[in-house]
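Letters are used for the chains, namely A, B, C and D, taken in the order the chains are written, and counting of residues starts over at 1 for each.
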Amino acid sequence: MIVVMKVGSGDKEIAGVVKRIESAGLKAHVSQGVERTIIGVVGQIFPELEGMLEMLSGVDEVIRVSKPYKLSSREFHPLDTTVKVGGITIGGKEIVVMAGPCAVESEQQLLETARAVKAAGATILRGGAFKPSTSPYHFRGLGEPGLELLAQVKKEVGLPVITEVMSSSEVELVARYADILQIGARNMQNFNLLEEVGKTGKPVMLKRGLSATVQEWLLAAEYVLAQGNEQLMLCERGIRTFETYTRNTMDISVIPIIEKVSHLPIIADPSHGTGKWYLVIPMALAAVAAGADGIMVEVHPNPDLALKDGAQSLTFANFHQLMSQLKSVAEAVGRRLANPSIKVKS
Amino acid sequence: MIVVMKVGSGDKEIAGVVKRIESAGLKAHVSQGVERTIIGVVGQIFPELEGMLEMLSGVDEVIRVSKPYKLSSREFHPLDTTVKVGGITIGGKEIVVMAGPCAVESEQQLLETARAVKAAGATILRGGAFKPSTSPYHFRGLGEPGLELLAQVKKEVGLPVITEVMSSSEVELVARYADILQIGARNMQNFNLLEEVGKTGKPVMLKRGLSATVQEWLLAAEYVLAQGNEQLMLCERGIRTFETYTRNTMDISVIPIIEKVSHLPIIADPSHGTGKWYLVIPMALAAVAAGADGIMVEVHPNPDLALKDGAQSLTFANFHQLMSQLKSVAEAVGRRLANPSIKVKS
Amino acid sequence: MIVVMKVGSGDKEIAGVVKRIESAGLKAHVSQGVERTIIGVVGQIFPELEGMLEMLSGVDEVIRVSKPYKLSSREFHPLDTTVKVGGITIGGKEIVVMAGPCAVESEQQLLETARAVKAAGATILRGGAFKPSTSPYHFRGLGEPGLELLAQVKKEVGLPVITEVMSSSEVELVARYADILQIGARNMQNFNLLEEVGKTGKPVMLKRGLSATVQEWLLAAEYVLAQGNEQLMLCERGIRTFETYTRNTMDISVIPIIEKVSHLPIIADPSHGTGKWYLVIPMALAAVAAGADGIMVEVHPNPDLALKDGAQSLTFANFHQLMSQLKSVAEAVGRRLANPSIKVKS
Amino acid sequence: MIVVMKVGSGDKEIAGVVKRIESAGLKAHVSQGVERTIIGVVGQIFPELEGMLEMLSGVDEVIRVSKPYKLSSREFHPLDTTVKVGGITIGGKEIVVMAGPCAVESEQQLLETARAVKAAGATILRGGAFKPSTSPYHFRGLGEPGLELLAQVKKEVGLPVITEVMSSSEVELVARYADILQIGARNMQNFNLLEEVGKTGKPVMLKRGLSATVQEWLLAAEYVLAQGNEQLMLCERGIRTFETYTRNTMDISVIPIIEKVSHLPIIADPSHGTGKWYLVIPMALAAVAAGADGIMVEVHPNPDLALKDGAQSLTFANFHQLMSQLKSVAEAVGRRLANPSIKVKS
C-alpha cells in the first residue's frame, strides 16, 4: 500500500501518517520525490487501513499494490484448475459445449432439445428451472418440476446437467438434481448464496455481473473458494455499456485476461452476451479463438414459441452449423471439442 | 406493441406476422409507410410476445409502447405515495434525513452518533448490522447483535431505524428490529428477497442497482408492490460509469425522473453515491434542490477509525454544517426539513 | 511513479528495472514488501517512461502518482481563476446565466429570445451559428449569417455572446463576433482546435466530452492554457452511460470535483445534460446547489417549432420560473445571480 | 415515425397531434389501443419533426422506425462494398493485415519494421505522423517529415500506407502521401474533417468513437459517403466502459453487427482495443473468427523504447506468431490472408 501525499504537505502531516501506520504494527518507508512525498506501507495490511489512511490530513491518495483476491489469483496458484463433471474435464485442452433451452418448459421440449444437442456434439445440457426475470409478470420457470425433468432427461439422454440456483434457501434442492450449480449475473454479489454453493463442494459456474470489474468478479469467486470448493469456473455473459443495439456487450477480452490473472476455467455465453441469435455463432467462434474453455448456448426446438429469450436461441439447424464451425476454429487454435459420448452416471 | 417490418418485406411476410398476432387473440393494424410497413398490435399483450414476433421472417424490430411497470407507474397511480414511519411522513412536503454509521461497530459508537445526528436534526437513524462486502476478507457487520444495538439505541435516543436485509432467510429477523427494511444496490434484482420484504408489510427502501435503468428499477419495485406492500420508497446511490475519480456517478437527474414517472418517494444517498466525504454536502444539497424527498448520509464519530467506508463518512461537525445548509436549500425550493422531535414508539 | 513488481520476481528483474530508471537519469528507491517489491522513481519523469517500464520483465504494474495536468491543477495554482466578459466576472461569488436558442434561426427568433432572457435576468446570450449534427441530413446552422445576427442582437439587446466554433479554420471568423468561444463536447479532444482558440486570447468555454474522465478533460484544458490563455472555463453537459431514459446522464458531482482539483470556473448545461425540457429546471437548481459558477440553458420562443433540440428548450415562461427559483437557491448557498444590467460594448 | 400518446390523453390532444402532422404535409394513422392511442406518421419525414412532435400536449414518446442512415445501410445497398488499395481488395474473401509502429519515429525504426512485417505477411504498412495525444506534453508525431518517411519506406519495401489525418487543414497534405486516410476515434464526429476526406475520393478508414453507438458511427460514415466517396471502411478499436483492467473494451460483437446492417468492410484494431500487447494476439484471432475483414496491429522493433504506446506493441517475434495463428483461424472460417507480394506503385 502506498500513501501519496499532497503537493506541499509538510513534515507534520507526514509524521502523522507514519505514526498511524506504525500504530497499526506496520512499517512506513518515506520517499521524498521532486513534487510529492510517497509513503510505502510494509507488513500484513488489513483491508480497513486504506479508508483510514485516506482520511488523514495531507493525504492525496492511497494506492493498493497487492491484489485483493488471493485464492483465485494465478500469482498464488500458477497451475490451471480443472473442473470434473461426469467424466469430462473443463479447463484442459478440450472445449466443452453446454447447450439446451433457456427455460425448461415441458418434457417434450427438453427431451427433444437434449437429443438434438447431444447428436450435434454438445457435452453438457443446460436448462433453467428457476429463472430470474426483470419483471414479476414474466415466466419465472417451472421450479422443482423443472429440476425433475432435467434429472429424467439427463438419464435418458446421458448428458450432465447445469442449472441455475437463485436463492440460498434453494441450494440444497438444486444441488440434488444438478451436476453444475450456476450462479447468474444478477446474483454475482449475493454473498450468502456464494457461500452456500461453496459449501456443497459441487462444481459451480459463476457468471460475471452486468457491471462487474474483473477484480470484483474474482472477489466473488473468492467467496466460493474460501469455502474450500475449488470446482469453480467463470462465465462471461456480456456487460452493460452505452450501446443499445445489443442487450449487453460481450467482453471477449476478459477471456485472455482471466487466463492471465486467474487459474480458473473460463466459459463464454454468447446467447445472453448478445441477446440476438444471429450473433451467437460469430461470438461463439470468437470466444474459442480468444481462448475460452467452453461455451454455453441456448437452443430451442421452436425459438419463435419459446416462453423465454426466444430471440437469442438457436434452432437445431443453427446449432449443428455452430458445432461444425466451432470444431474448425478449436483446431485452428490447437484445441479440440470435448467428446460427448462419455457415460454419465445417473 | 409495434412490429416494424424490414424494407422490402413482402405480402407473405406481413401475412405471417398478422396471422401470428391474431392466433394470440390480438388484433393487427397494418400501416404501409413510404419505406416500410408497420403493424400495430392491439389487445392484452403478454410479455413473451415480443420475443416471439422478433423471430418471424421479415421482421426488423418489435417496439413496446406500453410501459412494463404498472403498480409503480404514475400513469396508473397519479397521486403521490407517502411512507409513514414513527410519526414521520416520507414523500410529502417535508424532507427526511437518515443518518448514522455505515456499519454498527459498538454500542458507544452507535449511541454517540445517534445522539449527535438527532441533535443536529436527523429524522431517522441508519446503521448496518449485515453488510455486503465485495471481498470476503473485509468486515461484514456484527449481525444480530448489531440489530440489538440498533433497537436499544432507538429506544434511548428516540429515532426510528433503517437497516439493510441481505437474504430472504433473514427478513423475519431484521423485520423484528427495523422500522424500515433497506434493500441494497447489489440485491436490487434478488427477486426472492424483494418478495419476502414485500410480504412483511413494513416500509421498504429499495436502492437502485449499480447498472440498473429506471425501467429495471421500477420493475424491481413492482416485485415489492405486487405483494400488496405500498410502503415503498426508492433510493439513488450512484451508478457505474467510466469515470474513476468517484466510486460511482451519482445520478441526480433520476430524482426528477422518478417524480415524473412514478408516485413513490425518492431518497438520495450521497455517501455511497460519491464515496468521498468532501462531495457529500454539495451532492446532498443538489439532491434536495432537484426534488429529493430525503437524504441518507453516513456519519461516524471518527471516520479515520471506521471499520467500513470511513472515506465517505461525515464527522459530527460536517454533519452539523450539512444540516444548516440543507435547511436553507429546502426552503429555497419550498420545502422544509422534517421535525425530528416526534416521539418514537420503542 | 511507482513500479510494482510481480509476486516472485527476482533480483535480476529488479536490477533490470533499476538500471532502466537510472539510465533515464532518475533515481530508483527499492522497497521490499511482504508479498512484492515496489520501486519508486524519483526525478523529472518524462511521459513515455510509463509505457517503457511496463514492458520490462517482472513488472506487474506502473502507477503514476503525480497528476499529468499542471496548469489547470489547483495544487499548482491555488487561487480561483475568474473569466471577465463584458463587465461580468465568471468564477467569483456571482452566478452567470447563459441563455438563448440552441441554433440561431432568424433575426426575429434571436431578437425575441434575447429580449426575453435579458428581461428575466440572463447575463449572456447563447446561440449556435455552426451546429454539430450527428446526421448530415439535419440542420447544421446558418453559418456566418448566424454570427452576424448574433452581433446585431448583442448590440440591440446588450448581452455578451457565446457561440460554438467547430473547426480550426473557422476560429478567426467566430472570434470576430463572439465574446466567448465555445468548444463542444465532440471537439473536446480536437487538439488543433484547442490550440487555435488558446491563441486568440479570448474567453473560452470547454465542454466535457461525452465519455471524458476528469483527467482527460483537464488535459484538454491544458492545451488551451499552454497557449498562454487563462480566460478558460469548463462546462459539464452530460456523459454517456447505460441509462436510456435521458440522452445523457448529467454528472452533477463533477462540479464539486472540478472545484477541488482545479481553479477554473465550472458551468453546467442542463439542456444538453438531460435532453428533456422538464428536467432542465431541477437540474439547473441542483447544479447551483452543488457549487456551479453558472448555467447555460436553451430557450426558444416556440420549442415545438425549433429546428434543433426543441425537446430540451424552455419556453419564455419556463425560463422565467427557472430564474426565480435559481435566485432562491443561489442565495441559500451564499451566492447571488450576476446582475445583467451592465453595459456591453458593441 | 410513431407518436405514442399518454394514457388518458383525450380527443383534443389527439386532434392536435394529427393537425400538426397534416400541416407538415404528412398523413396520420390513428390506432386506438387498450391502454393508449398510437399515431403513425406516413410520408417523407424530415429530421426536425421528431423533436417538434415530442413537445405537443398529450404526447408520451415519439419513436423513429426508419433508420437515420441510408448510404451506409445494407437495406438500401445489399451488396458488399470493397475497397481497393495497391492491388489489394478489402472486404472480399481475403483478410488484410495492417501493421507497423504506432508513431513513425525514425527512418531506421520504420524501415526495419516495414521489412519485418512484410516478411511475416502484412499487407499494408501503418504508421502515425500526426498523433493525437491526450496530453499536450506527450510525443505528438514527426508531422510532415513522418509522412516523407512513410512514402520513402513504402517505395523501398513495397507496401501501401495507411496514416491518420487529424485536421481538415491537413487533409490535402496527408492525402499526397497516404494510400488510406485514417480518421481516429476522437475525430469520428469532426464533421468538417469527414467531409474533407470524403472529397479526396481516396480510401478512408473510419475508427469508431470511444462512446459511439453503431448508429452514430454509421451516421459519421454517411458524412463521407455523402461526398460521393464509397471507398470507405470502418474500424473497431475499443469502447469506453466501466472496466479499468484494459484501456478500452474491444467490442467484438460489433463486427457481425456491422456485417448485418452495413455493406462497408470492417477492420479490427486489437492494439488500441486493449492497450496491452499480451491481449493483441487472442483478440486479433477473435476478430477474424467473428468475421472481420482485416486487422490493424502495432509492431515495434523495441516496444520498451517506443515513444508512443509501447505497452500495446508487438515485437517482431510476437507478430510472426500472430500471423501464423491468424492464417489457421482465417482458414477455419473459410477465408484466407491477403497475399502481400503484390506490387505497389510508388
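Criterion: contacts are C-beta pairs under 8 Å (C-beta built on N, C-alpha and C of every residue); 3 or more make two chains touch, one makes a residue touch a chain.
Source: prediction; values computed, not measured.
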Between A-D and A-C, the pair joined by more C-beta contacts: A-D
Taking each chain's C-alpha mean as its centre, the one farthest from subunit A: C
Distance from subunit C to subunit A - Cα centre to Cα centre, in angstrom: 39
Subunit C and subunit D: spacing of chain centres that average the CA atoms, whole Å: 27
Distance between the centres, which are taken as Cα means, of subunit D and subunit A, whole angstrom: 31
Multi-partner residues of subunit D (each touching 2 or more other chains): 211, 240-242, 244
List of subunit C residues in touch with subunit B within their complex: 211, 213-215, 239, 241-246, 249-257, 260, 273-274, 278-279, 282-283, 285-291, 325, 328-329, 331-333
Subunit D-facing residues of subunit C, complex: 20, 47-48, 51-52, 54-56, 68-69, 132-140, 166-169, 186-187, 189-192, 210-211, 216, 219-220, 222-223, 226, 240, 277, 303-311
Partner subunit C, residues of subunit A touching it in the complex: 2, 4, 6-8, 29, 31-36, 38, 40, 42-44, 61, 63, 65-66, 75-76, 211, 240-242, 244
